[in-house]
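The two complexes that follow have chain A in common; it is paired with chain B in the first and with chain C in the second.
Right, the complex of A and B next:
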């Protein structure tokens, strides 16, 4: 399902990036200021704190991400409380550790936050659950739940049963955007003369699980529309230390693009080390892994030239860099602002919507919580990950440029490229958030 | 005290416990609280069943959580893949656990002591690993893979007890009373087994296998029976777990849960009647207190085990039993010598 929510003729590449970002800067300031204004004008409903619950993995396999989510929410709560919280009521965030476990643990954690802590809303990123556990517990309690599962399943569920899931919001676009966005980005590179395809073939190296599978399927299904055919579709099960058999196939039939949706960072880095010994003229895109320092540590100079993307990541603009600096100052140089920023901005969105609705609702008070949900659908929140705006039907974040032509109305799907093995990648797409131009990798003939 | 009198007393205690839990929702209808009590019922069934096997029959099996998984996965797969109604899937899954127990029991009970523990643990861990590494594609498309076993994420979203559309916001009360009913049936059945002729045979083998054999009690036959009976109740607990959470996943029988239930049994008192119930309640309260302190939960469990083993080697049930005996001795000093544990 590919759609555009707007067709904005006013914003064109002709308009300067600086003037556009300057405008956005004003907008971004307006959001917290607007909230502060609402808080100032309001007579505090009461002094009871507004409880936000976060069921997240603080121990176990995915604890690293969970801790960043906790950091982001705590930072947001502190900044919001400095501006009066929500209509004068301070925000308190309560966490329940889901221990990197499945649905049973997520249900218990969510139920604890609702019944024991009296949470008015649930905000989290993701857990190792099937996507039904947290949202059903929240839907049963009639409260708002905001998550970043990055899942088409969320869209399907909300579309199938909007009466049940009116309060469930996915504050990032679904995973299929990764695949669709990759093809669009390559087309843009070709149109601007930055990439010249060697042939019309794309090789897809998929990973296990539905998340990577959906992305791979989106690339496969959209390839023909962009004039490509799929020359290889291989599913690799981690850990993969020997890429020899896959590389043999790639070298026997070299593709113009290699899209790796298999996202285990060690495996991806090993791929680059083995690929560069005898490379093909292929643009290489990898999911997630190259955004981590570990990728560059393992692959070293072989990592330079790799493209990767995120449908919800910290921008390298004024707001994003300011956030990242504050975040790192607070949580250390090794912290990850990209993960923290997601929940941070979701908290601002919820607080603004709750204030506009006249205050948050309590658990099982779906009348007031429905008002908050309506306001969430009505507002745009600009923050470190760009604009957060929701589709009214699926209640997922609108993606730019995949679902809107207007960069001020969608969350940018940002493509980055590693251009120096010692530094994080630079955003090379989309306009106006790109800070560097795409560089042809050294392994492609004519590259640098 | 005569055996029938003792059985009656324990059945009376059981009835009092069940009646108390039946009235509990009138004191608090908080969903989280009732959810925790439901979990207590389920873990208590597992701990009591395990106690029947390890505490009374002397078979130290570490495959007990595998039978929970058989029940849970049986329900999940039965409902998801075969469209069985939940009320059919639960007994079917329970029978599945019994069949698995029979196979494992026949293989393992040729051994004794620590070897049974090692072999049963190995079997449980192999199954756990197979599920974790399951990347098969049920639909065969190779893209949107749904592993047959659900893989690392398990199987979810299948129909539960079906109270949500009927009771709406109070659906948990439906689940509560169904699981309480099963809990009641299991504890009465276990009390009858423990304090009947079967329990006597189990304990005879546990205490002196040579003497029991000389009196015609077949070790293998009775231990296999204990294995299967215990798996029946444990499988039922797994089925109830899956129906309540509408989920079955590998986290159910990972090793930390084995230690969790073992702690319930040891702290409560292995070989007693109500020890596992007391242990389950205490460990769940301790776990709840430790929630929010991350890995401190495991430290607390470890500390509880150490304290129990050092200060109360026979568990809390024995301490409570001794205390009551002393109190009765103060009132009726002449009856002391006639009291028998259990």
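Right, the complex of A and C next:
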């Protein structure tokens, strides 16, 4: 269900994109400066490092993402330490490799970080777990845990048991925002004359698991409200090297929109390679994969025209591009700033909240850690992925424009389009973060 | 009509890739009586070797096939000399060899992960363009895969049926001791079979990677499907494995189209269960005695 939030802060509506972004630039600079100010004013009680634990997959199937998370946290820690860390105490990030394995490995890794490394907080992105392993270990130790599971289950858990999960924060919106946001974005394209639907059909190509299933369900359930019917609801299990059976169905009954929530980049790229040999007049949206350079590497020119989105991605504004440039300079051209930026900004949020609370708590020190949690709920952190601000009840990040009309109060759900196979996609929605207009793909009649 | 053409072409392309993988796996079972759990990793290695040779050494892309063939054969030989040769003579060799080759597979995959990382690289070799068949635009890459598979399976069939080398393999497969008494150097035959199966796996991996890109674990799914095909055909029956690869790929594609994509592989598994109940020796089981 869509919900909009309001803020108690008095924010003067920006008159233009330029003035709005200029204003945000000033705010964003203020965050680290404010933290530096707090650090300068503080008399460090000791020089003991603040340990941040990160259970993440550094080997195995999802290692590519895990390595970017490690990069983002290390970069954040270094930059924060240059400003005095947290109230004069340096930040150290300790990693535990979860090896792309399940709950058992994640529990062991988290517990080791808490009990042996004495982690004051856990910051990670995601692991191949059921969603309860890491947060339960952290909740039982009375520490803050910040993750990017992108899961409605997080919201349900926190709402059902706030006394236990007071310290668990999802620093991105839940996955259903993807589905709802896609339909809204298509409507905007139609209203502005940028997309003319060939018919009223949407074909959904879903992937395995609840994450992609929730997104596909959100598209399916919201389609009628936007005047669409679902012509195909297919579930694919990776790896899919040959999309022949699906393409045969699409060609027999061409839809106006193909929404692929199956998010394995190799499969998505191969879909484009095989689709473009005999395309239909369909707008193509894919989840996540096209944001990776690998998608363009594999699909080449066939990638041009694809739309994709992220509820937590690097913006192409002053802060985002500056971050991406620094990140790539440090970790190489093939690195993915989008993934690194999530953890980077989460670390800044935690450090600011801990400083405002008078310092981080130790494991099993509920009293101080609860203060940190309260500060996390109270602050807005502007960084490369936009504004990070939490719902007070679910402790998930507020999404813009799905949950707030004010772009300064929510994390933008950004839609991008690949317009050149040699470059990252350009943000085409939402205002004021769009840097290019949506272009009709070449495979649609009348396209570029 | 267009749909039928599309499904047939998809089945042939997929089936030909399965065939290359299944024939190699079946060959080893037939000759050595061992299930090589490292077969998928050999495919992965062949694919990465081709990519590296093309990208790093600047070889013309089409030579990637020969690189994958040579590297596949080399890893087959090494696997035999370092692992299979020592385990296969032990008591309980059937189980031990599965564990040993599974260990080898993990070692290869983890080494690839360490060297190349998890990045899904594209295979630089590709045949661009398309041709219209029955009103359906068919990727030339698919046609190429089909042709290469046909040529390689044909070469293997020729080697096995028409050469002294093949006769020695068949003799060893029928009765190892009798073959040895007749002067066949069974040790050499084992080595040759591992090299041949490795070469097939290497090329198979390279071809699969043009359709599915490279990743350290890319050999897992095709290896599983190759195993299913071998079981349905009758373990060790090379000819049957080639035929069943096409038949089962067709079944997978038709089920994927008519019921749903993710029901394709379960349908294959259901066929395996039915075959194992009805004919435990496999559909071509009668020929098992003469393991071709």
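The working rule: the second predicted complex is superposed on the first by the 440 of 448 C-alpha atoms of A that agree within 3 Å, B and C clash if a C-alpha of one lies under 4 Å from a C-alpha of the other, contacts with A are read in each partner's own complex, and residues count from 1 in each chain.
Here is the rule we use: a residue touches a chain if its C-beta (ideal position, glycine included) is under 8 Å from a C-beta of that chain, and two chains touch if they have at least 3 such contacts.
Please read all numbers here as calculations on a predicted model, not as lab measurements.
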After the superposition on A, what does A:182 contact: first (chain B), second (chain C), both or neither? neither
Answer with first, second, both or neither: which of chain B and chain C does A:270 touch in the superposed model? second
Partner chain in contact with A:140 - chain B first, chain C second, else both or neither: first
Quick one: is A:354 in contact with chain B, with chain C, with both, or with neither? Answer first, second, both or neither. neither
Let me test your reading of the model: by the given contact rule, A:245 touches which partner, first (chain B), second (chain C), both or neither? second
Of the two partner chains, chain B (first) and chain C (second), which one does A:59 touch, if any: first, second, both, or neither? both
Tell me the contact category for A:342 with respect to chain B and chain C: first, second, both or neither. neither
Counting only touches as set out at the top, which of chain B and chain C does A:236 meet: first, second, both, neither? second
Quick check on the superposed pair: does A:278 touch chain B, chain C, both, or neither? Answer first, second, both or neither. second
State which residues of chain A lie in both footprints, the one left by chain B and the one left by chain C. 59, 208, 235, 237
For the complex, give me every residue of chain A touching chain B. 58-59, 95-97, 101-105, 107-108, 111-112, 114-116, 128-130, 132-133, 140-141, 206, 208-210, 213-214, 216-217, 220, 233, 235, 237, 364
Complex contacts: residues of chain B adjacent to chain A: 30-33, 35, 39, 135, 142-146, 151-157, 164, 169, 171, 241, 245-247, 249-252, 291-292, 294-295
Residues of chain A touching chain C in their complex? 59-64, 67, 208, 234-237, 239-242, 244-249, 251-252, 265-267, 269-270, 273-274, 277-278, 294, 297-298, 334
Name, in rising order, each residue of chain C that touches chain A in their complex. 2-3, 6-7, 9-11, 13-14, 17, 110, 113, 117-122, 130, 136-139, 208, 211-213, 215, 217-218, 221, 253, 256-257, 260-262, 264-265
